[in-house]
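Labels run A, B, C, D and E following the written order; every chain starts at residue 1.
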Amino acid sequence: MSALSPKSGSPADCAVTEGHVGLPVLDPPPTAAPDTGKTKNGEWQPYIVGFACNWCTYAGADLAGLSRMQYPPNMRLVRVPCSGRVNPQFVLRAFQKGADAVLVAGCHPGDCHYGTGNYFTRRRFLLMQRLLTFMGVDPRRFQARWISGSEAPKFRDVVTELTEQVRPLGPNRLWREVEP
Amino acid sequence: MRYGYYPGCSLTGTGIEYGLSADAVIRHLNMDMKEIRDWNCCGASSAHNHDPLLSIALPARNLALAEQQGFREVAVPCAACYQRIKAAEVAARDPLKRREMEEVIEEELSGAIVARSLLEIMVHDIDDSALAAQIRRPLQGLKVACYYGCLLVKPRAIAMDEAENPMTMDHLMERLGATPVEWGYKTECCGGSLTLTRPDTGVQMTAEVLKYAKLAGADCVVTPCPLCTSNLDMRQGTAEKKLGRSLGLPIYYFTELMGFAFGLPMKTLGLDRHFVEATGLLQSLPVPASG
Amino acid sequence: MKELHNVNVAMRTLARELLESGTVAGVYGWKKGSRPTLTSPLYIQDAAKADRLAYDQYAVSNLSALLLDHRNNDKKRAIFVKGCDSRGVVRLLQDQQITPEQVLVIGLPCPGMVDEAGSLLTKCAECRFPNPVMADQVLGGVEVSKQPSAPTGVTAEAARKVGVGSRAGERMAQVAQLEGKTAAEKEAYWAEQHDKCIRCYACRNVCPACNCRDCIFDTEKKGWVSKAATSSANAFFAITRAMHVAGRCVDCGECERVCPMDIPIMTVNRKLQQDIEALFGPYDAGVDETVVPPLGRYQTDDPEEFL
Amino acid sequence: MGTVMVSTTVDNSEDFRRRLKEVYGIDTALCYQCGKCAAGCPTAFAMENTVRQLIRMIQMGLIREVLSSYSIWACAACETCSVRCPREVEPARLMESLRIEAQRAGLVSDKTSKTFHDLFLQSVEDHGLLHEVGMMARLNVLTGNLFSNAEFGPAMLAQGKLHFLPKKIENPEAVARIFANVRKKRGEIK
Amino acid sequence: MKRIGVFVCHCGSNIAHTVDCKQVADEAAAMPGVVHAQEYKYMCSEPGQVLIQEAVKEHNLDGYVVTACSPRMHETTFRKCAGRCGLNPYMVEQVNIREHCSWVHADKEAGTEKAIDLMRMGVAKVLKNEPLKAATIPMTKRALVIGAGIAGIQAALDIADNGFPVTLLDREHSIGGRMAQIDKTFPTLDCSACILTPKMVEVAQHPNVELMTYAEVESVGGFIGSFDVTIRKKARYVDTKRCTGCGACIQKCPSKVPSEFEMEMGPRKSIYVPFPQAVPNKPVIDAPHCRYLQTGKCGICKKICPTDAIRFDDQDEVVTERFGTIVVATGYQQFDISAYEEYGGGRIPDVITGMHLERLLNASGPTSGKIKRPSDGKEPKNIVFIKCVGSRDEAKNRPYCSKTCCMYVAKQATLLKEKLPASKSYIFYMDVRTGGKNYEEFYRRTQVDYDGHYIRGRVSKIFQVGDRLIVRGDDSLLGRPVEIEADLVVLAAGMDPQHDARELARTLGIAYDAHGWYTEAHPKLKPVETQTGGIFLAGACQGPKDIPDSVAQGSAAAVKASALLTKTELTGEPMIAQCNEAMCSGCGLCVTICPYKAITRQPKQERIHGKMRERMVSTINSGLCQGCGACTVACPSSAMNMGGFSDEQIMAEVDALCQR
């Protein structure tokens, strides 16, 4: 029952009932898929899916490689033509399939290879980020960044930071698909 | 009732001839206008130097009263009052601000009522032919410097006309038969708000305005503002001393000239209540051939 | 409702005339249901049935989405709308699902809708657009207004008395209350809500903004998400639905009303409305069809948080 | 002229500039010092610092100097600067806010102005209206210029422009409550 | 299921050093669908490619994945390789295990693990790949240049010199544009006409150039390679084929009109050429002012014309022609000073603009180059220049710098001092901006050698008292307001986009900014391109520019246009949007979001419930779509998809990455 409901019911029904408050995050159901982040020496590692636009962020990551910068191996990049190609449903999909965090990255606004794509990206994900937070997702688990083709150090730093930010949060089980 | 009349404090005191002539003209034109009951001071020209909220709350009460009394527009003769009341009207368009104002004045405010200067009402709401029909003594040959002052046209959010070269009153004067002069001081400040606190500064500014009116070849100055008028009229002597030359410029309210052109008695219009003799110039105008 | 007596008479007369003259091929309105507190949708094509039309404070259904049944049809249909319903029609017009030639919009004054117990619906207390935002004709003296406004027309006084729009300023209270909770509490709350969903799609079917020919939740081909009502798939559905109507939701509240599981769907829609306003400036969907919805445009100086 | 230790003054005045922005909506960072405000200011001749310079002083952190200056009280509030400012800084509103801030900070240099405004508002609070004669007389007493403007008295009396007894509106308490409510909002008690 | 091959490259030791390539290949071989997996030292090398080609044949592969360096490096290589063995090039995916893996991770175990994930991602994707083919579109080998100012003339000349036919169009009846009005040019002070006129003649006589003056673009259809441009040729009332330009008609015409070219400071006739060096030098009749056309009385021109060229019954002519590419060079117009009421709003006769002064300085101008002020023809002594009028002024909605005024004011002050040695120029400025070769040096000379008196501050007000102009400004360096009694005030009015710039942009389908300046495709790297393929920008229509910049841009745009014209057909992007019309509801959300205007709503005939119905669906122009994918996300029903980056492919990649 919420504020808009025309059906009967007292406003108190809107609130989370007391029993929920203070309970731990949903216990993983017994049939949940195994955590995607593999354990290394028994230690859990965050597993991050990144969407990178071909023209800026993917190129920035290439430059980080050319410059032999070192960063944690926790992120896997999916190449897309433009950050504007990243459908919010892809982000949800990654969470469903077991990603612990998702990054969407593209050219800085104004530098889009296609002129305007990332302006729409910005609007879309500013909004989605707030919605996910509203639904209880830790904002550290879903981030967007502008990383240009020359910003290899920034790419390295973003991957490093993201990994370290997610590590203390533990595996993400929210919305994880249950294996049949 | 269309217009709620808001005379303001000056129109019974220093600006009494404005009050008298406005009354007479409104009555003569049989306008749909009545004084707002229990109006209070709009706070000009001190509240805004004291507290931004107070400065919109004081005039807002008048808007609320006007709404309650069923008026659609507030007619404001005094330029200073107009500026403050208009500012309150503009502020009330913002729902948050309006709520704050309602809390302070303890009255409801719809934000729909509009404040207008008496000048624009006279020019825009009374059509040419209706005005022309009233004219008995056209102001033939009278060269007037239309002086608007600051408060009707600045700042932009409240302005009833363009800030640098307003023409509303010029058009009105032309319709009355007078010849408005072109001059550069239509909206330069006369120092009205400083006359009590810094009389020296004020009179210097008054003198500049009068000087350029004279240089432009005007016979007189016409204004829509009691502050400007009392300043230009009462302190003209001091200004003359400052300039080292005599000016002899009668200062009229536009309503006085309207009333005169309509043929109303000078006394009714308060034309005998000036510092700079104001009746002679009008009497010297050519009288139109009767019939 | 006595204020609406003449409006009811006028509705019937008008519908009859429109059908008899062939001006329209059908009329969408309401009829009295099995109980006095029930006023349900009615579609008539026969002038003789015009007398069944009825409108009162129980006519809560928004009929606009029903127009989609005729989206590729040249004939004209008439539809009776309250303020909130009219925004649904604008939604369909802006989404080019119907053309102005296909619909004759008849605006009605809204007395404020009440529940069975007679108390004003929350959505009406929070209403900002009690008057139609567009109409080809109006009955009951209601005024068309594209601005948030006070109720007009013959029921204006009644609406004011029951408090239509009186809580418009508090529309976001539920959102704010949830925002104040911890992440764990929010997660638990929404998990409970999503778990309830039975994927009946009633919310989608009634929504004028959900006007796709083929909904991605109906087609298996691409495999966006499983049709099974698992928590995971339900969350995917809930968020995707919300994102698809973000900036396009006309705030009619029908999704939540028809939800058999009492999921607070409008809270999510309102959350998005609130953030859109805060991020991209004021916007009311389904009011002015010439203004592109916020996710279909941008400003180069939009808020920047992704640096 | 002493050197301005900019790194200190600018740093220490961040709060003041933020206050100007949040409370009064004035952003001095907009100003690019073109001087169009000062050039058109009819009272510039009576100021020790022009309005442009005052804005510069705020940008540079010389806040105390600005608040205690006479210039802010010489402003006639004619709004010419605001109308002409190419960057829409609204210098007139800035001057107004500086006058309010000067009173808050107890740095008012022009006591006459302060007394005038206080008396004016007192009159409105008491009667709902301004009583011109009462206010002028008290102003003269309080500022020690007993006969200032007195030369106009007889003529004004004859013209019916002076009323010795204050008029009141029907419901002066309503206006007094406005003053009280504003004070309450500001957290002041009188 | 498709038969997939996986080729793991060692890149010498670049990859093999941190990634166990054998393990990657082994894991690949175990994947469903993978029928062949192989590692090799250098996959991009000739033997490496041969190896791939042989494997494709041997194992009858439907597609393959190369795990190697960045696809930004070698994707084309491996796609071409596929093409050579009969495989569609778009059945190939390359995943990056070098830049994104071996080079950035030291731990071989972690590196190998990540490389395997990426390989799986590639395999999952390629299983969903579909063969793609680029569409080709024909190229019409002909260019249109809109606007015949200096930028347009330069562009037309360069395209023509490259050997392509070009039509140079202008709405005025002479080419030359603003530069023709200017007296002398900074920083060299050579006369504008002396350098412009030869170019005007050259372009008019060029065999590849067709001049189309007194003509306006009405509509533009089509797209790159075949723009169909509808042009209105305005009625001239003079048969240009017969007219010899003798000028007899002009001399005898009795009707005088203020000349636009002379900023209305001098007269012209109703039949006229705008200036003596006009090209083409043939007059037109200004119909609203022509006595004959208005009243039917007069007709002197017709009587006197020795070649019988006057045609009072002339009509506008509308033609549609096809061009492969368009250069837009529509220039600017001077800011209208009426917005500055504080400076008299244009009502004070002796408050003039920079362009007025150009005409007063010009020897063939209305005063024959004598400096006479407009009100009484007197020679001015005190002259005040005010800069940034309609520039850097947010209150007047002109926040930008007009870029040229600092220099043209310095030039005009210099020229005034030369003409009137007794005069004095006071120049109010906020900043003096002289970026440009020899510009700062010129400014220095204005100050030092030509007595230009610079005052730092804006002017607040100008008003007239008698025959004097009172100028009140601030000297911000002095810290005091200043007043000047001037005889003449020159407002350095800035540049505005043409009043109808937006309209033309909408006609052309190109973008413009908040003020109406045309937007380039990239502010740094694509300065003369627009977002619309085949349309280029030259000169001030893109933003305030001086002559050297305009000329440079004209040439740049010409190179871009010529490069297109060398081709007989254009190959489009193969990886572009695709619309599933059965699912499309025609809502048009994709139409507004497409940066290339490649999507239109088109009617589709369809049998619904046994009846033929028409409904609207989105249609993609494969010549315009550049494959950004923005439309795919705007589409809620995902009717819009994209070849090479389809929803299915990306989902498969995500799934493969996560489900390990």
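Following the convention adopted for this analysis, contacts are C-beta pairs under 8 Å (C-beta built on N, C-alpha and C of every residue); 3 or more make two chains touch, one makes a residue touch a chain.
Just so we're clear, the structure is a prediction, and the values are computed from it rather than from any experiment.
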Any chain that touches subunit E and subunit A: C
Between the pairs B-E and D-E, the one where more C-beta pairs touch: D-E
Chain closest to the middle, measuring from C-alpha centroids that were averaged per chain: E
Farthest chain relative to subunit B (centres taken as mean CA coordinates): A
Centroid distance [mean C-alpha coordinates] between subunit C and subunit B, Å: 51
Rounded Å distance between subunit A and subunit B, as computed from the means of their C-alpha atoms: 64
Separation of subunit B from subunit D, taking each centre as the mean of its C-alpha atoms, in whole Å: 23
Contacts with two or more other chains, residues of subunit A listed in rising order: 88, 93, 110, 116, 120, 124
Residues of subunit B engaged with two or more neighbouring chains: 163-164
Junction residues of subunit E - those touching two or more other chains: 342, 461, 593, 634, 638, 647, 651
List of subunit E residues in touch with subunit C within their complex: 582-589, 592-593, 601, 606, 608, 613-616, 634, 636-639, 647-648, 651
Of all residues in subunit B, those that touch subunit E in their complex: 162-165, 182-185, 212, 215-216
Complex contacts: residues of subunit E adjacent to subunit B: 341-342, 345, 347, 461, 463-466, 470
Residues of subunit C defined as touching subunit E within the complex: 71-73, 95-97, 211-216, 219, 222-224, 244, 292, 295-297
Of subunit D, residues touching subunit B in the complex: 23-24, 42-43, 45-46, 73-74, 76-80, 82-83, 90, 92-93, 96-97, 99-100, 103, 110, 112-113, 116-117, 120-121, 123-124, 128-130, 132-133, 136, 139, 148-149, 152, 155-156, 159-163, 167, 169-172, 174-175, 177-179, 181-182, 185-186
